[in-house]
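Which chain is which? They are A, B, C and D, in the order written, and residues in each are numbered from 1.
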Amino acid sequence: MKKLINAVENVVREQLEGMASAHADVLKVSYEPTFIYRADAPVANKVALISGGGSGHEPMHGGFVGKGMLDAACPGEVFTSPTPDQMYAAGSAVNSGAGVLYIVKNYTGDVLNFEAAAEMLAGEGVPVQSILIDDDAAVKDSLYTAGRRGVGATVITEKITGAAAEAGYDLLQCADLCRKVNTSSRSIGVALTSCIVPAAGKPTFDLGDGEFEFGIGIHGEPGRRRLPMASVDEITEMMASAILDDGVYTRTVREWDQARGEWVDKELVNAPLRSGDGVIAFVNSMGGTPVSELYAMYRKLSGLLDARGIRIARNLIGPYITSLEMQGASITLVKVDDEILKFWDAPVLTPGLRWGV
Amino acid sequence: MKKLINAVENVVREQLEGMASAHADVLKVSYEPTFIYRADAPVANKVALISGGGSGHEPMHGGFVGKGMLDAACPGEVFTSPTPDQMYAAGSAVNSGAGVLYIVKNYTGDVLNFEAAAEMLAGEGVPVQSILIDDDAAVKDSLYTAGRRGVGATVITEKITGAAAEAGYDLLQCADLCRKVNTSSRSIGVALTSCIVPAAGKPTFDLGDGEFEFGIGIHGEPGRRRLPMASVDEITEMMASAILDDGVYTRTVREWDQARGEWVDKELVNAPLRSGDGVIAFVNSMGGTPVSELYAMYRKLSGLLDARGIRIARNLIGPYITSLEMQGASITLVKVDDEILKFWDAPVLTPGLRWGV
Amino acid sequence: MVTKEQIVRWLERLASVLAENKAYLTDLDSAIGDADHGTNMARGFAKVAEKLVSVADTDIGNILKATGMTLMSSVGGASGPLYGTFFMRGGAVTASREELSVEDLGEMLHAGMQGIQQRGRAIAEDKTMIDAWIPALAAYDTARIAGEDTAAALRRAVAGAEAGMKATIPLQARKGRASYLGERSIGHQDPGATSTYLMLKALLDTLESS
Amino acid sequence: MVTKEQIVRWLERLASVLAENKAYLTDLDSAIGDADHGTNMARGFAKVAEKLVSVADTDIGNILKATGMTLMSSVGGASGPLYGTFFMRGGAVTASREELSVEDLGEMLHAGMQGIQQRGRAIAEDKTMIDAWIPALAAYDTARIAGEDTAAALRRAVAGAEAGMKATIPLQARKGRASYLGERSIGHQDPGATSTYLMLKALLDTLESS
């Protein structure tokens, strides 16, 4: 393992210190418990957006803290979900009174920890909503699994909901929009190499020179299947089909009912993409794949979407939700409407995503 | 070799096609000869900035084409300098009449090809200036070498000179500013792994598990020395000293004399950084190193600069001038003044660098 | 009867048991998870051992709650909030107690397990820690109703947990990270069921060694 | 005397010689450069061979200029503009010629070499292609002044280039990419000097085979 780190125990802490000193105008970092928050938080009358998860996916989530996106992010150890005390403390710190929206990637660890935090925060009288992101089309069902994992759509929902919060959406409106973006999203990822978790010191999995893993999550967890290495056109075609040929996806998720002060089940449905739809096409590097290769993937993807009558309304291409230095890529397609596009185009000023300011 | 590519012969072309379709609002791509140019070029009354070099360093240079930065970029094959016909055609296409400034990284191949292009363009009566970027402090002298290589400062000069051109600087003013930024810059890079050039199919060099290369250029060419792997703090300290303890650097470069219509020798001097100076601190990933590790490097760097009384006025952290998927990083420090800061802060809208718009 | 001192010694013992079994649990987790269950549990209980110094003099309810809170904020992953909830719920039903009868201990364990189920929503045969808790508590209850004492009932519980833990091997996971493996999760013992077994075993060993 | 047809056959032969020596030149370049000199030269002269079809009927000056332009726009790297300049300058001094005397050929080679020197600014012993050109042209001139014919003078030139090429081995590079290696460049033969030798050798072989 060769990495630009000091002792493995201090990796996350030191990286956060670097981030805090690099972006002091945009964000601050609290330690014990650890969370990253907007330098100007709490922002009066604005719903506070908080996300979090294991470290190692940078710029997500800490790099998306700032104007027009997240109010706080809670980083766990590398690839380990953060704990409720972080999420609770972050919620207390950035809540302006307009309430807190937790954006939670659907990994059991993240979900359970955020649930505990939501209960704690709601117990203090803070208005809380919690929305699950579960866009990974590699997972077929939610009956025999913990449901689809939260992957690329996380970046898109954080951007769009962040802009809506900035524009004055209230807590329930923010939650509704966040849920809508999630149920309009599907993703699929591939890995060409494994990454190395610093504390482990060796590759998470072994991938032969001639194979790639199709349908990974964001930690290099096993995907749908391992396949012989193929061309970018072939891989992109497989990825696009996994998204475009995916049927209706229905599942039950748990959301916090503010009025009743308890968790309630909610049925969510993702409709398939259809000819005539417009999408945000997000082509993401898992970290080690250079942006040049993403362009080759985008080239093929745009041809395939064109052939299906699907219009790319916006795109985002680069390393935004990564797995350390893993080589690989993911594609996320988000069906858009005017509301989504408006908030996508709105200004954002974070270390990881910036435009309009 | 595992990469998201099709046939190796088509790598650059297909990536450019993807780029063109992804960023049609910002840029266009011409093939035969190949160059990337601003969608709205030529921009009336504006000096046109053109750079170029081998492919494989993305987002540089093509990703820096757009408002407030480059008017055109000429990509060669991977790690191979482009040819004069590309640079000449790009110059003809984007020249509005205000002239063309070539920004040339000091690699013999780039230099000789750009010189031939400048002569061709000047021969057509187009006002031409050509500025060499040579900021690589890893190269000790210019008497026994081809001089310092052009590395990280390229990104910074393209940004700053691009903003000045946008603000109405004429050709000689742009050239002067570009030269000033270059003579205010020093860089140093390290590689932890080699990259694989698609056409070669195997790593450019072998680096043992326990070693890193100190003082590389941007292709993984041999550096100052190969050392046992060390902590990020130790590596950053070595890198910072290479820049901060570098004495006066004097060399003679060839610039085009528009009036005389010939190349003239110019003596350039980089003064050492001193306590009280303000800098742009650019911490760059060679591609495969995740941004989180750059933050660890930035953390140490900012401490070291602090101790020397050098103030970080601005920073840029991420993969901007890369070597395919190589793991490693570079540090560039650019001494600033009000003019440099003003143009650094000015709006820029390119696929690779964007703010203020 | 379980005294407050025994509860403290149990938690201390558990901290060393989990430190010893760190690699074992992580190996189990690397087969069907993300290779961190041992690290997570060892980290959490090391914190609990530190915390015990300041709460050992209070009552059982408080000690268990402090344990739960500490686990909550130091374990992370799926197991953190699950075991955290277990101890917090266990603490809630043993507030201000200095010792626990065989019934009290049963109530504590049931409250804890219910917390795990509410939080994690796993049911029997999902291949989770629940598959150790269910047979353990069933065995405990049977013994208790038959009039056996705490140590005897716990001995049954540990046997039940061990059987349940082993019975996870042929199961296909339907909850947690392992569920994404589908059929590939078959043939591996669940790490969380294993840490549950170790937890009950440490309690039994504490009672038997005093 | 060198005829226009021989010039064309020379360039065609050179294209195959460079294709054959692609790996050899690239290997030399991988020791002290970036492992592309063979690829660069083979690519460039393949283009020249294509181009020849449309210019073979014009004059020598034009053929050489077209060769130079083609190399310029297809080789890249340091060698592209250097060899491109060589042929363009060579073409400039042979405008509208159908054949070259031993003096004409000497003038052409000198003009070309001067172009390389003006462009690249290398001097003797910088460990570049110049180290093959200088002894080659010195030998050519001596033979020409001594009254030898074109083939004989060229035979001397090729021997001079070969000696110069080999003499680059002990040199430390001071120009081009290899210069960054400092002392580590010692002990390797310069790839550009090698392609220069192959270029002159191909011309000689063309004359001798007709």
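Note that in this section contacts are C-beta pairs under 8 Å (C-beta built on N, C-alpha and C of every residue); 3 or more make two chains touch, one makes a residue touch a chain.
Quick caveat: nothing in here was measured; it's all calculated off a predicted structure.
S.K.: Return the chains common to the contact lists of chain C and chain D.
M.R.: Shared contacts of chain C and chain D: no chain.
S.K.: Write out the two chains that share the greatest number of C-beta pairs in contact.
M.R.: Highest contact count among chain pairs: A-B.
S.K.: By CA centroid distance, what chain is farthest from chain D?
M.R.: Of all the other chains, the one whose centre lies farthest from chain D is C.
S.K.: Report, in whole Å, the distance between the mean C-alpha point of chain B and the mean C-alpha point of chain D.
M.R.: Each chain reduced to its C-alpha mean, chain B and chain D end up 32 Å apart.
S.K.: I'd like the Å distance between the centres of chain B and chain C, where a centre is the mean of that chain's Cα atoms.
M.R.: Computed value for the inter-centroid distance: 58 Å.
S.K.: What topology does the chain contact graph adopt: line, ring, star, complete, or other?
M.R.: line
S.K.: Looking at the whole structure, which two-chain pairs count as touching?
M.R.: Every touching chain pair, ordered by label, is A-B, A-C, B-D.
S.K.: Would you pull the chain D residues touching chain B in the complex into a rising list?
M.R.: 34-36, 39-40, 72-78, 80-82, 84-85, 119-120, 172, 174-177, 179-182, 184
S.K.: Quick check on the complex: what are the chain B residues that touch chain D?
M.R.: 33, 76-77, 79-86, 107-109, 112-113, 115-116, 139, 143-146, 149, 199-200, 204, 217, 219, 221-222
S.K.: Considering only the defined contacts, which chain B positions touch chain A in the complex?
M.R.: Of all residues in chain B, those touching chain A are 2-7, 11, 14-19, 21-22, 55-56, 58-59, 63, 192-193, 209, 212, 229, 231-233, 235, 287-300, 302, 315, 317, 319, 322, 324-325, 327, 329, 351, 354-357.
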